[in-house]
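Heads up, the next two complexes both have subunit A, just with different partners, subunit B and then subunit C.
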Partner chain A sequence: MNGTLIRLTARQLLGQKRTVLLLLFGLVPVLIAVLYRVAGNDEPQRWAASALNARLIIGTFLPLAALVFGTAALGSEFEDGTAVYILSKPIPRRVIVLSKLLVSWLATAGVVLAATVVATIIALWGEPRDGILVGFALAVVAGALVYCALFMWLSVLTSRALIVGLLYVFIWEGVITRLFAGVRFFSVRQYTLGIADTVVDVPARVFNPRLGEMEAVALATITTALTVYLAVRRLRRWEIGEAS
Partner chain B sequence: MSAPAPPIAVINVSRWYGNIVAVNDISFALGPGITGLLGPNGAGKSTMLHMLSGFLQPSAGELRVFGESAWENPGMYRRIGLVPEREAVYPFLTGYEFVLLAAQLQRLPNPEEAARQAIAMVELEDAAGRATGGYSKGMKQRVKIAAALVHDPEILLLDEPFNGADPRQRLQMMAMLREMAARGRTILFSSHILEEVERLAEEVLVIVAGRLAASGDFREIRKLMTDRPHTFNVRSSDNRALAAALVADPSVYGVELQDGLLQVRTGEFAAFTLAIPGVARQAGVSIYELRPTDESLESVFSYLVKR
Partner chain C sequence: MPPADQRTGSIYDLGYRRYDGLRLGRQHAVLSLYVYTLRGAFGIGRRASSKIIPIIITVIAFLPALIQLGVAAIVSDEVDIIRPENYFGFVQVPVALFCAAIAPEITGRDMRQRTLSLYFSRALERRDYALAKLAAFATALMVLTLAPQALLLVGNGLASKDLADYVGDNWKDMPRTIISGVGIAAAMGAVALAIAAQTSRRAYATIAVVAWFLVTWPISGILVAEVGGAGRAAALLSPFDFVYGATLWVFDVEPDQDSVQDLAEIPLWGYGAAVAAYAAAGTALVIRRFGRIAA
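Then we have the complex of A and B:
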């Protein structure tokens, strides 16, 4: 890790308009949770686990936040041509990727975790939590890392990382994974839900992820390590004019 | 004991993008001093600088910086400073922060002092506290140069460094580069403007259409450019009499009369332009118009390639 790079990336990411938009987007799950409680619906545990956390936060908000921060951490520098100021320094490419990944991970996890905690507390106000709050909080932090690593690799690979990432989130994870059960092994969303299940202690009727706990943890670890390795390798051989 | 490797050695280097050849079998070696990389736009100058700075892999040949490959070698950036052509800087950083960033990434022992010195070298102290997003093109160029030389590199590569600089800034930057060269630094800068190269570079590399058209001492190359065949169109009070008089002049090797115009071909530009007023006066002819037919830089370059 490199402190100078970490500070630079934090200023880059936090100074963007899209960060403000994401923070505003983070209010959506909270508002929906408030509306849910006001409407006084049944089965708050099931709703909090399967609808609020699994579908809205982990299915949409988490990957979108990771896409914004993960692709911007390095990708925006390729786009505007400033990457050359970092790459023309005697810093191992591994350090550049890890420093950028750390900031994008913390930014994503911070924004999504805040929404997760507040919305889940509201949704389960006065109800037993049975590990739902802690399980999904843990899953969001872990999932943020896997998604950011994946999207950072995409941003080093192509200048269209945002489009490819959106296709991955909405077509691959949103549609194809539902249609074909075997594809769940290639879905970060499924890894994240499986990680939540390591702590969530509710019946399968309430929350039932498609991957086993150990499978999810192992696949999330492998995916993170592999995408970081590929990003470092790609950055070592990065050519000016590429991804820009 | 073997001689130390030259700062820059380029050996039969080519680079192509698909079917397009950007750099074609170029070889040269550079030592301390200022070298100008001259050529028209699209000639391959930036491609060559990008390969030298390790940001493009040669498709063929070898490219060595202090004896080491420039490709996949981040360690060499301790000894190299690069000023890219693109204007982009981090708009949210002040000029000082931008140069300090470079100093810190170079892991200099006193980055704050190094940043202040580099900013002073490019005379940007007054604007150092302002965000670079509000800088003019010339100021961005100077802050980029300050960031590139903050670690006092042995090699400085500059891609079109005088773009956007006003004449005073240009002179100041030239003086600074000359001072660096005097301290034994190797400086290579690209330009498509002959006068810039003429004023600054001792050595020159002329690249045209990806090929090295000429290289060496600038005065020799300037002579080559000047003494190439030139054609002048002349309109006078008596073209026929002037043609007869000019044929006898040693600087002229051909004349042609067509449609009220006299076309004169010469192999010695300077001698011809000095001789023609006297020749015309002796022949009793008044010259109304004397115009070289093609003096564009592109035509000069294409002559060097065909030579």
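Then we have the complex of A and C:
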């Protein structure tokens, strides 16, 4: 880890205007939870777990936030042509990738975790939580790391990482995983839901992820390690003058 | 002793010449911009890496038609799995992705490379520029909405026993298909372009377009299904929902039980009006943006 790099990346990612927009973005699930409670429906547990957290937050907000931060942390350096100033310094590639990953992870997890906690508390106001709050809070923090590592690798691989990431999230995870059950082993969304299940303690009717707990944790760890390794390897082979 | 270099001090009169050739004028400029923008949307005439993404998204839009034709070829006759309105329900996803990926290219490229001043110093007016870009982008989206259905119609016709019979049976769907396809392309394309034109940074434009599609969608779903009352009007907020409603209206089909359009209880023509309103608003915003932008 490199302090200067972390500080610079944080300043780059969390500009004033961008932070305000992201907080507004984080308010959407909270607003939806408030509206849901105002309408007063039955089965709030099932709604909070399967609709609010699994579909809305983990299915849409977490990958979108991770896409913004994960691809920008390193990708925007390539786009702006400033990558060469970092890569020509005697800093190990591993340190560069890990520092950038740390900042984008914290930024993503911060926004999504705040939204998850507040929205879930509101959605389950006066209801038993049965680990839904803690489980999904843990899941979004872990999922943010896996997504950020994956998207950071994409951003050193291609200059269109944002679009490739969108295709991955909404076509691969959204459509193909629904059609072909075996693909669940290659879907970060399913890993995240599986991780939530390690703490969430509700009947399968309320929340039923498609991956086992241990499988999810193992696959998430492997994916993170592998994508970080691949990103470092790609940077090692990078030559000055080469566009990303 | 040889004289000094003869060339020193000699001035050539190169002259500035008038152009006496044919001037093709404003109309031709608009048409050229349209054609080049349309080609650029699919990466034609650009390097290979700009072709990959539009082609992948276009292939996704064609997949159900290709699968259906494959099934029809193997199982043979009278398998009519996909209705045109259902195809539109599916094709909205690739259309949205295409908007997110390509709209920033269409508007942002000239802003980033500061070529707008070159365009505006020619016969082309600012409004022409905006309209040509809009028309080209809408046409590109129509390739996604209409071409798969055309393929399906022709392919199914050829697979059926009697081509004339098949065309006769499905003839009445044709104008509806075209209206729907054009409507989807116009509404989604105009608004996506209006959003993307606000910034020259590709990444920001993509995220903003995606946010329009994906943030309004769950909001509409929950407001309509769980909250009800005045919240049902939210069905008009989410592009996926109002565009699909308009398709149902065009095909005169009742919405599925418990779908957003069923629960919202908005008369179906309202979605048609929404599509027209969004297309008009998006067009106006794009024209306004390029009318004011510093070139």
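The rule is short, and it goes like this: the second predicted complex is superposed on the first by the 234 of 244 C-alpha atoms of A that agree within 3 Å, B and C clash if a C-alpha of one lies under 4 Å from a C-alpha of the other, contacts with A are read in each partner's own complex, and residues count from 1 in each chain.
Going forward, a contact is a pair of C-beta atoms (placed from the backbone, for glycine too) under 8 Å apart; a residue touches a chain by one contact, two chains touch by 3 or more.
These numbers were taken from a predicted model, which means no experiment stands behind them.
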>> Applying the document's definition of touch, where does A:L8 land relative to subunit B and subunit C: first, second, both, or neither?
In response: first
> Given the superposition on chain A, which partner contacts more residues in subunit A: subunit B or subunit C?
Replying inline: C
> Which holds for A:I171: it touches subunit B only (first), subunit C only (second), both, or neither?
Replying inline: second
>> Let me test your reading of the model: by the given contact rule, A:I86 touches which partner, first (subunit B), second (subunit C), both or neither?
In response: first
>> A:I240 in the overlay: touching subunit B, subunit C, both, or neither? Say first, second, both or neither.
In response: first
> Which of the two partners, first being subunit B and second being subunit C, lies in contact with A:K17: first, second, both, or neither?
Replying inline: neither
> Taking the two structures together, which residues of subunit A meet both subunit B and subunit C?
Replying inline: none
>> Looking at the complex, which residues from subunit C come into contact with subunit A?
In response: 49, 52-53, 56-57, 60, 93, 97, 100-101, 202-203, 206-207, 210-211, 214-215, 218-219, 222-223, 226-228, 231
> Where on subunit A does subunit C make contact in their complex?
Replying inline: 25, 28, 31-32, 35-36, 38-39, 41, 47, 51, 55-56, 60, 64, 67-68, 71-72, 75-76, 79, 158-160, 162-164, 166-167, 170-171, 175
>> Quick check on the complex: what are the subunit A residues that touch subunit B?
In response: 2, 4-5, 8, 11-12, 15, 80-82, 84-93, 236-241
> What residues of subunit B sit close enough to touch subunit A in their complex?
Replying inline: 50, 53-57, 72, 74-78, 80, 82, 84, 86-90, 92-93, 101-102, 104-107, 147
